Amino acid sequence: MRRQIEIVFNGTSRMIPDAWSVDELLSDLELSGAPVAVELNERIVPREHWASRALCEGDRLEVVHFVGGG
Amino acid sequence: MRRQIEIVFNGTSRMIPDAWSVDELLSDLELSGAPVAVELNERIVPREHWASRALCEGDRLEVVHFVGGG
Amino acid sequence: MRRQIEIVFNGTSRMIPDAWSVDELLSDLELSGAPVAVELNERIVPREHWASRALCEGDRLEVVHFVGGG
Amino acid sequence: MRRQIEIVFNGTSRMIPDAWSVDELLSDLELSGAPVAVELNERIVPREHWASRALCEGDRLEVVHFVGGG
Amino acid sequence: MTDKMKLGEREFASRLIVGTGKYRDLETMAEAIEASGAEIVTVAVRRVDLADSSSGSLLSRIDTKRVTLLPNTAGCYTAKDAIRYARLAREAGFSEFVKLEVIGDEKTLFPDNEALLEATRILVKEGFTVLPYTNDDPVVCQKLQDLGAAAVMPLGAPIGSGLGIQNPHNLSIIRELISVPLIVDAGVGTASDAAIAMELGADGVLMNTGIAGAKDPVGMARAMRLAVEAGRAAFLAGRIPRRKYATASTPSEGMLV
Amino acid sequence: MTDKMKLGEREFASRLIVGTGKYRDLETMAEAIEASGAEIVTVAVRRVDLADSSSGSLLSRIDTKRVTLLPNTAGCYTAKDAIRYARLAREAGFSEFVKLEVIGDEKTLFPDNEALLEATRILVKEGFTVLPYTNDDPVVCQKLQDLGAAAVMPLGAPIGSGLGIQNPHNLSIIRELISVPLIVDAGVGTASDAAIAMELGADGVLMNTGIAGAKDPVGMARAMRLAVEAGRAAFLAGRIPRRKYATASTPSEGMLV
Amino acid sequence: MTDKMKLGEREFASRLIVGTGKYRDLETMAEAIEASGAEIVTVAVRRVDLADSSSGSLLSRIDTKRVTLLPNTAGCYTAKDAIRYARLAREAGFSEFVKLEVIGDEKTLFPDNEALLEATRILVKEGFTVLPYTNDDPVVCQKLQDLGAAAVMPLGAPIGSGLGIQNPHNLSIIRELISVPLIVDAGVGTASDAAIAMELGADGVLMNTGIAGAKDPVGMARAMRLAVEAGRAAFLAGRIPRRKYATASTPSEGMLV
Amino acid sequence: MTDKMKLGEREFASRLIVGTGKYRDLETMAEAIEASGAEIVTVAVRRVDLADSSSGSLLSRIDTKRVTLLPNTAGCYTAKDAIRYARLAREAGFSEFVKLEVIGDEKTLFPDNEALLEATRILVKEGFTVLPYTNDDPVVCQKLQDLGAAAVMPLGAPIGSGLGIQNPHNLSIIRELISVPLIVDAGVGTASDAAIAMELGADGVLMNTGIAGAKDPVGMARAMRLAVEAGRAAFLAGRIPRRKYATASTPSEGMLV
């Protein structure tokens, strides 16, 4: 079984399998098809890099979407 | 030939044949079919009395209609 | 002893000796020197008539003065 | 006779004797006692340095005072 | 939509009443009335001018099947004169409606309310649907209502001044004190003035110069129609309360850190 | 009608921009947007909330083919934060539009114009169509224009206050000094406020609380649509001048004697 | 200074008229009158209350040698009642002055102008110096003047409301149309309201609640005295015209380069 | 009276600051200053004009023992220029006071707040008592306070416009958010404008054109002195609340029946 690493997802600590890509995580969270944007350690990860970008221990991931606002 | 009498029509003196009815005068002026109202000596003459109401020397006749206003 | 009569003083019934003058009543009420005005049965009684004007049964007397107002 | 040099006084070219001090110039202009301030080549010259500060060819001198303003 | 304005026995979908004076030509007037969507238009009563061949042409440009004529008594300075014009108007016209004006001062064209009350009393008895032009005096408006006026029509500002609603507070008070329709008559200069009147709870707005005197009367007529509808809709929808400080429209939850 | 509002490279027939915050439910929001006729709606950028199954549903209720999304940077107090949100919004979104907010004070939600200018400078360089929320300062508005902002969006009153246009004079000055579109953003409480903004020469109006917080948001959305159209039409039609005294709308010729 | 206000046959150096109602105690009232500098104070006419030992004490606190009493007819709803109170006041009092009020509505305390005109007509014939409380109706003010009123006293806003001058435009018109003194009576809430009234050309201002109801009535009385003097002085001094754009107060000549 | 205005290390009994520009002659200026009661007067720094024999005469007409000079930096469009003028003023002058102006636009004479903040930062460090002219932006006012400005001086309206306080709401907000003195600078056209500023809680008012441009500058100076005192007194006395409806000032008890 794969080793688990700890990342920070939207401000909350989360354990995920080592070397998961952004895409694998978002798929797991059922977000991969959603109109969201991803920031990894304060840099944006464009959607076309989600599959190739692997997550590491301690990574801070922000996944945002649109909510109501004025 | 019929005797002429003087009446005041809308503030202006006017000679008309003696004993003309209101209707005869208005017909002569091409006003009998128009949406006008008639006042004779400060009393209204309803349209149905135009034919029967004869004009006398010195009658003051007012014939009004609608114009633009606010 | 003098007969008593009933008058209405400022809206309230009051018994006073018969034939009292306005001045006698106001003196009794310690108002004769005050800056008041007197109305008897809805007619003003000037100050110079207070002594001569006798009160009768049923008289309606109003005695007013100045109060705070805007 | 002393050599003349050219300076710029309040934006206007002016010939003055060589090596005049600020104070000498202002005295000549009857300004030495006035409530004015002096700037030489964009640096303020405090009143206590007026006597010791000599003027050179090409110096730009600004002498200002208070006028009406809001 | 069932939000109708009822005046006398009639109901109107439009809450904008427009005048027919001061247009550069009848063509423009007709287009402006069309653009305004008005179902009531005011007209004046004047002597037929035999020298003027255009006489009678006003009515040729108004579809009196669709539109109710509202004759006025403009120019009258006494109750007697106003009553005389009202009677002539009814005789000439198509209905018992009258916009009752009794002017008290020629510079301001403010009403003479004493005479207005007297004329209202008499014309109501004669069966007229009396729509009196008055000023923003709550006491006079109550008296007019008590005498049987079909509406009260306080001015927002002097006739033709274009100053807009000078005293919204009085109109708001009148709205609360009376139950007959309240129509703001006179003073509207631009669209927002009309909207403000409606937001104060007016049932309708009457105007002439604001449209006829605009650079583009037809465009302004359309603007006024929209503004009256906007003000009415806002009044019915219930505005937010006023607050001194801000209140965010975007949530603070979910921000990045 | 060819009277379009152009922002960046896009043209819009509607001049009303509405927010999506503070609605009681998405159903009401969707109906209100529909009733408003808006072709641009603002949205905020926030973290996905995994615990909230409704996540993502906002966009399900907005037809992004018909409507342009305008993400805001609400809640940001520094240029850096605002830029971060703007970039995320572009990544998540559908366009390069951003309603740029850098807040300077939490009680008033007034902008920090120094930071706003800095963020505008950077985002314009990155290709954004920057629509900055600012206050009614003519100098800041000119600087924003010089930096390449696609419009200036001064507030009429504090966000959510419903106080209406507090300083029409400043807006009028800004209108004369700048050439990019002028959009009044914030403070609109009722329909006439929106009409007034447009009559001052604004190209558009942006609002959220005024609609979402009304008793009947859908009714108020319709009122605002009509008011913006009314104000625009009045602005184009050219209002009458203001006069102190009256000027009769009915002719004095032809009166009885 | 020779800038006096003339009412009837009397002249007054002070243009502020103050009421005597609603004070917490007579001490405060006396101090406030003193601080206001008023030379005319209003009083009301009421039944002597035999049960109230303080009866009669009002006049003990007013120096009637220095100050003219102005009795009112407050609370009267008919011409007949107002006339009755006016006659009693003259009998009780020291002069022929009367502040004539005929109320038409108890919520607004607006005047019943029909009855007011009738009462004015009668009292003027009886030799009273009639100072009628009315509303800002130019036509009524002209009629009052024609009937011989010694001044006209339109309200700025409802009595005791503190709303300030609700319709400066009407007051300005009244000022131009009438020649008797114009005194703004009612509605003043704070000092600037009084100054505004005077700047519109009023000859004086009458107030009660604005002073008596302030937290510090004596301080507010002083504020009102200063404000009336300020407004009068500004009116006489002739204000600058309003301009849309700036005009520098400091010269541009003589700048450094 | 101990109600003093403290600026920097100095205290002033008068809360009116007046300018010295635009007078028809120095005689009138001197009389107007006297009538205004001002203890602070603004002056400008300009080149000595050798051709003008009147040079230097300004100070001959101001009693600098009684009055504090407040030099301005009018006409400066950059922080650098404003700092240069401030330094010269201190050198020429009698104190460390400076009315700091950095203009951002020549039509409106509105401030360039970015540059103003920069200049304030530097001059405060150099020991100046900085009184910055700004606009009614609460965020800028807070930043100025944080940088050590001795007061904030938002404009009421454009310099010399005479339009009065265009945005009382913003001034009221600024009053609540800052603790240093608040002086309304610019826009005052007549006495009531000054009173309104003080009633909003301003510590003082600064003006020039409103007095110098009046028909009778000395009379207007007196009006302004009275108005500032009136507004201050009213602010301290605590005004009555505003009510929609009337509240009688005369009791209803004791009426006749």
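Per-chain numbering from 1; labels A, B, C, D, E, F, G and H assigned in written order.
Keep in mind that, in the parts below, a residue touches a chain if its C-beta (ideal position, glycine included) is under 8 Å from a C-beta of that chain, and two chains touch if they have at least 3 such contacts.
Here the structure is a predicted model, which means the values were calculated and not measured.
Path length between chain C and chain G in the touching-chain graph (shortest route): 1.
Number of steps on the shortest path from chain B to chain E, with steps defined by chain touch: 1. Take chain E out of the picture and the remaining chains remain, by touching, one piece.
For C-G, the equivalent interface within B-F, B-E or A-E is the one where over half of the contact pairs agree by residue number, namely B-E.
Using CA-based centroids throughout, the chain positioned farthest away from chain A is C. Between the CA-based centres of chain D and chain G the separation comes to 64 Å, rounded to the whole angstrom. Centre-to-centre separation of chain B and chain G, using mean CA positions: 57 Å. One simple way to say how far apart two chains are is to compare their mean CA positions; for chain C and chain F this gives 74 Å.
Centre-to-centre separation between chain A and chain F, using Cα means, comes to 34 Å.
Residues of chain F found to touch two or more other chains are 19, 21-22, 44, 46-47, 49, 72, 74, 84, 107-108, 110, 158-160, 163, 169, 173, 208-209, 212, 244-245, 248-251, 254, 256. Contact of a single residue of chain A with at least two other chains is seen at positions 11, 39, 62, 64, 67-70. Here, these are the chain pairs in contact: A-E, A-F, B-E, B-F, C-G, C-H, D-G, D-H, E-F, E-G, E-H, F-G, F-H, G-H. If you check the complex, the residues on chain E that touch chain G are 104-105, 107-108, 110-114, 117, 135, 137-140, 142-143, 157-158, 163, 166-167, 169-170, 173, 177. Chain E makes touch with chain H in their complex at residues 169, 172-173, 244-245. Interface residues of chain C facing chain G in the complex, by the touch rule stated above, are 10-11, 29, 31, 34-39, 42, 44, 46-47, 62-70. Contacts from chain E toward chain F in the complex involve residues 19, 21-22, 44, 46-47, 49, 72, 74-75, 81, 84-85, 107-110, 158-163, 189-192, 194-196, 199, 208-210, 212-220, 222-227, 229-234, 236-256.
In the complex of the two chains, the chain B residues touching chain F come out as 11, 39, 62, 64, 67-70.
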